[in-house]
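Each structure below appears as structure tokens.
First subunit A sits with subunit B, and in the next complex the same chain sits with subunit C.
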Partner chain A sequence: MKRKSVKLLTSLLVTASILVGMVGCGSKTESADAGSQSAAGETEESSQPAEPEEGDTQKEADAGTTDKIKLGLTIYSTTDATAGPVVNNMQTACDGMGAELVIATDEQNPEKEITNIENLIANGCQAVFCLPYADDSIPRIAKICEDSEVYFGFYWYDLSNEETHDVCYASEYFLGNIYEDDVWSAYTAMKTLNEAGASHIGMFGLPTGRTTTTKRDNGIAQACEEFGMEILVEDRVNTNTSDDAASSVESMVSAYPDLDGIVIAGMTQTCLPGVIQSLQNLGLTEKVKVSCIDFNENQTEYFEKNSVNGVIGGHFTGGAWLAVLAVNKLQGTPLVDEPVSIKDEFIVLQSADDAKNYDAHLYQELPYTAEEYAQMSKKINEAFTYEDLLEIVGSYSIQDVMTRHNVK
Partner chain B sequence: MKSNNKKKGMELFINIFPFISLIVVFVGFALLSGGRTLDITNCRKIFEQSFTLLLVAGAAVFLLSQNCLDMSVGAVIGMTGVVAALVSKINIPLAFAAALGVGVLIGLINGILHGVLGINAMIATLAMSFILRGLLLIVCKSGTVGIAVKMYDLDQVGLKMAVCVVFLVGAWLFFQFHSYGKQCRAVGAGETAAVQSGIHIAFIKIISYVFMGAAAGIAGFFTVIRTGAAMYNTGNMAEFDILIALILGGMPINGGADSKFRSAVIGVLILGILNNGMVLLGLDTYPQLITKGIIFILVLAMTFTIRNKINRDKKMA
Partner chain C sequence: MNKKISNSIVVVMVPIALYLFFLILRPKSFGKINTIYIIFTQSFITCMIAWGMQYLAKMGEFDLALGAEMILDSIIAALLSTRFGFLGMIAGCLLSALICGILKGVLYRVMKIPIMILTIALIYLLGSFGGLITNSAALTISYEYTFLGRAPGNVIVFLLTGILMYFLANKSVYGSNVNAVAGAPGISRNNGISVEKTKIRSLLLSSMFAGIAAIVQLSHGSGVTPSVGLDSIQNIMQPMMSVFIGFVMAQYVNVVFSIFVGSILMSIISNGITALNWSSAIYNIVVGAILLLIMAYMNVAKVYSKKHEEKMSAIANMKEMNMSNV
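Then we have the complex of A and B:
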């Protein structure tokens, strides 16, 4: 009897606490609700409902009056040599333009990515950015953002799939996508192998079902045809850990004794150390050439030891460009009225010197300073245009950064 | 007399601790986030994010109460999700039936492996998990399988709420009041005693795994509706989320008579609010992991120490 009373009391306590919490924070809830319903932000001032006919322009103008613009990013990691610079560049861009960045990591899983987007929106982010892990999840992402009236954009993502392209471009909240020429990157990775004398190639690749994968596969096929190279074996599964990649290399070498090159067309962070270690253990570092897409922490050392022949990467500014587009849009000074598709440039490393320069001027120091990003906000620099942004994006290279930052 | 009161006090603490945790997490995040966690849209999102975990955790109560684990839940969610996505292009109700059917079939195999052949539950289901993940890689060709566009229409909170209420209330009634639920707890309390009481242990275990498979099938179906696609890693680590949620909800890890169905609901809610609240507070990923780990260890340390003490006292008495 006594136990039942305690249970009843506890249940009542829980219910009461929930009710008290909801009532107590009621006024904030309203504003938060409005904030999530409107891209204008969180403050009561900014959450004043805009007249429907005033539409987008009103929302943008309202946003211009808010405190800090809040942007959300969902990404698979914040620290590795590929994702880390994206975060750092975006953070610097936000710092420069006076915006706040909220980051959530997603384990490269569409389910977690969608959960992150929902949580970032609930946090009050007025624009969210992601790399869709499946084309099929894009309609869901677009719907979540439209329902919440939050802008969205994609980094590292080529919207060449017609269906998803149409879904995104039909949304008034789609800012655009930053993509790389993945056919070119894979082609170039293969070309460096060919130049090093390799023609019988083992390949590590991204999972199929992504546009990026298809494009990189096309680039590899193009190089094979042009240079008379052959993909003897491919592995898209054992790419998540160095151990798996190392075992896979042993199997490849054992099954194909004439294998003389390995191309890593994705998952370089986890694959490359295993591949290099395995080749070293097998005494095949000289015979089997290696090239990869995406930079990694130890590439300078790998070049010095002749363990790699080419690394294509450095495409880390996409998030920052999206931030530039979003901040300008949200502060009521859009750079462009329509969604845009911007091609980010790759950097090709072929020597230890290239790797050292990259490390010093684009990784340790970022390619653009907060002050440079600040000049990309029309609120600070009225003369800045979309064409200026395209020019900056197009000229991205190690040399460009060294020149701008007066490095001799 | 004094020790009796102390024992009762400890039992009371164990009983109300999950509720206190829920209140602390709920009120704490509400205050820290300035009420943003209470926003109706956010509450709806927490429910949607926790929905599939609620289903599988509800079913896992039957297994854990018998001191059984199912390490294949995540892979079953992935497999049933892929099946649902593939079949959805033919017919959507058929996709649901197929996901449910595949879940039940895998559950049946798990049940036979453990209940009839006597293979350790963890080993049997872990092996099943490897098989399923391997099959997923083959079926998905290491990529994704998209759902039929019409299937997006099913992503409605109302539908999920209805499924959730029917499922959880039904499961609770069975666990609490039906002889099957009582037998599950009896098996967890001691298999020998359960056998001597006339309980057909193999049958109870098979039914529980089948139920777990069915729940994972429904979860797989709704997971792909939410994401729009199934991937080879869909449902990854779900088994650990279930375990964490149940323990946070106060479930004894060894099962038995103290097992409570409410552990599933409370635990999933705590986990959902924690995950959502930390992003709302703008916590970076690594502090989030550390916070979750600390909370988990604290809960474990407190409940286990007290539960062990109670069990020791019971044995001595």
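Then we have the complex of A and C:
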């Protein structure tokens, strides 16, 4: 009997630990699995949009006059050098405009992403935002949001596929998408290598089948054609750990002795330390140039040691712009009546000074303060317009942030 | 010719044949000594994990949490290295491995559920714990602590681990117990060998070997990224295949060596695919096909072995009857 009780107790303890671990891990400011929040029920009643028959305007007005606007974000992580700033900026935007943000992590799993969206909606979110990992997910996301009468939008996503574009733009709940010019980012990464004297390139790429992958591959192909560069070898598998990336570099260099450049077209967060370490072990830091897309926590150190020639990233304000669109819409002062596609700007780092400035003014501090975001709410600043938003988005750069924040 | 030598030649010919296959396809790359060196050194981590796994595998159990454990070991090591330097890194990996091993053993003893199910639950727990203590951020270690990731550091660690493994597998009571339990758990139990204790010791050993492999892995890549969910299982797929290959070849040579050969095969495939610049889809097809082939071969071998056992048992019975008649 006693033994059985110990077993039962241990089983319960392990189950509870696993659940706590699963819930706790992805969270930063809110719960990872939004649906697990106990407050969901009570918030949901007060914040659910009005009946559809009453019309869109009525719903917006209702939302504006009741509780705090609640927005939901599903993202692959909340803390690394790329995803962390997205979350921090969006949180600051919500703080500034008086909205609440619920975050759920999806580990780049399309199914988990859908579940997160359902959970966020169940949790009372009035608008949800995600990066669709597959075009096929978009009709499902749109349907879930339409059925629940919840607004939705995409960050880091270009609606270049006509079919999905039409699905989204046909929905009255679609707010818009924030996208980056991924052809340009990959082209620029290659251009950096070319300027450093590299022409025989080894490539780390994202898995095929994604829109971002296709665009970055196109950018690389464009640069190869223009600068006479050649992709000798590509690896889209060994990108998840530093060790795998290090092994892959060893194999690449051994198989292709002419290799003099490495481009990391994604997953820099995990790849870069292994790539740098491997080149250092092989004594090839001088010979093989490195350029990558997406920021890494150690990039300043790598620039200081001349281990990396260029990093393109900093595209982390998309979530905040979606929050600006959503809050204005939900409080009954929409910036624009139709869905919108807004192009976000990348930041290009090419020296240790660039990396230090980025770190100090855009990473440790955020590019926009809560007060600046507050001024993007029409409820607080009636004069703010959609054109003003586009101007802010278009002028985003390290210099712009330093000027706005009076940094000499 | 000595049977041992001829058996060894049979086994060694497999990686040589695979190497020749890639050499024909891409002589420029596979014709270099450096490529052979890379193939060998890249197989070390896979082999050390596989050595640790093989005891449980022999008894029909799989510890799926080893990948998550290695990530956690590396995280603890990276964190400790910032305070206690190189020794902190080593101690971090080994201590974390020891705690994980004990935790698995205790849970298995108390809950008495299949190890595979237990370790799937642990993947979530360990992965989430790693994510929590790092805030899901990637960690790196200083270059000065990475010498075990390259020659001669990795070679020394590998050889020492291999010697330890050889003694455990061939010269220890524990190794004999594992063989007995793997062969016939019921008979072993009747002879006073505790099946449960043998499995618990195997869980601890697999964790410790994974901890040693984590030291080399962290030193090789100089960084670690927390992994939540089941992604970390991918880290043990190559070692698992090396174990399967090793078991198939173990009928010819010592299992310690056959698993090493299995790891080299995996390394040749990985390097060959990079050298030929085949797509990731082909990589998965090749690896998957090899795994299926090995599984099929194992099943055939098992059926053959069972039939052979029945035949031998029938002959023994007949002899016994003849003796009693006389």
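Here, the second predicted complex is superposed on the first by the 354 of 408 C-alpha atoms of A that agree within 3 Å, B and C clash if a C-alpha of one lies under 4 Å from a C-alpha of the other, contacts with A are read in each partner's own complex, and residues count from 1 in each chain.
To be clear about the criterion, a contact is a pair of C-beta atoms (placed from the backbone, for glycine too) under 8 Å apart; a residue touches a chain by one contact, two chains touch by 3 or more.
This structure is a prediction, so every number in the text was calculated from the model and none was measured.
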*asked:* With both complexes overlaid on chain A, does A:298 touch subunit B (first), subunit C (second), both or neither?
replied: second
*Mind working out whether A:237 is in touch with subunit B, subunit C, both or neither, as first, second, both or neither?*
both
*Once the shared chain is lined up, is A:207 touching subunit B (first), subunit C (second), both, or neither of them?*
both
*Based on the superposed arrangement, let me know which partner A:102 touches: subunit B (first), subunit C (second), both, or neither?*
first
_Quick one: is A:114 in contact with subunit B, with subunit C, with both, or with neither? Answer first, second, both or neither._
first
*Please indicate which partner A:281 is in contact with in the superposed arrangement: first for subunit B, second for subunit C, both, or neither.*
second
*Using the touch definition from the top, say if A:78 reaches subunit B (first), subunit C (second), both or neither.*
both
*Have a look at where A:185 lands relative to subunit B and subunit C in the superposition and call it first, second, both or neither.*
neither
_First, second, both or neither for A:268, with subunit B first and subunit C second_ = neither
*Do subunit B and subunit C land on any of the same subunit A residues, and which?*
6-7, 10-11, 14, 17-18, 21-22, 24-26, 28, 78, 105, 107, 109, 207-208, 236-237
*subunit A - residues contacting subunit B, complex*: 3, 6-7, 10-11, 13-14, 17-18, 21-22, 24-29, 32-33, 36-37, 78, 102-105, 107-111, 114-116, 118-120, 122-124, 133-140, 143, 148, 207-210, 213, 236-237
*asked:* Considering only the defined contacts, which subunit C positions touch subunit A in the complex?
replied: 26, 28-29, 32, 34-35, 38, 42, 45, 107, 110-112, 121, 124-125, 127-129, 131-132, 134-138, 140, 143, 146, 149-150, 217-218, 220-225, 227-229, 231, 234-235, 270-271, 274-275, 277, 279-281, 283-284
*Show which residues of subunit A lie in contact with subunit C when the two form their complex.*
6-7, 10-11, 14, 17-18, 21-22, 24-26, 28, 77-81, 84, 105, 107, 109, 207-208, 232-237, 240-248, 250-252, 254-256, 269-270, 273-274, 276-277, 280-281, 296-298
*asked:* If we count contacts the way the header does, which residues on subunit B are in touch with subunit A in the complex?
replied: 12, 15-16, 19, 22-23, 26-27, 30-31, 34-36, 38-42, 45, 48-49, 137, 140-147, 149, 152, 155, 223, 226-229, 231-234, 236, 275-276, 279-280, 282, 284-286
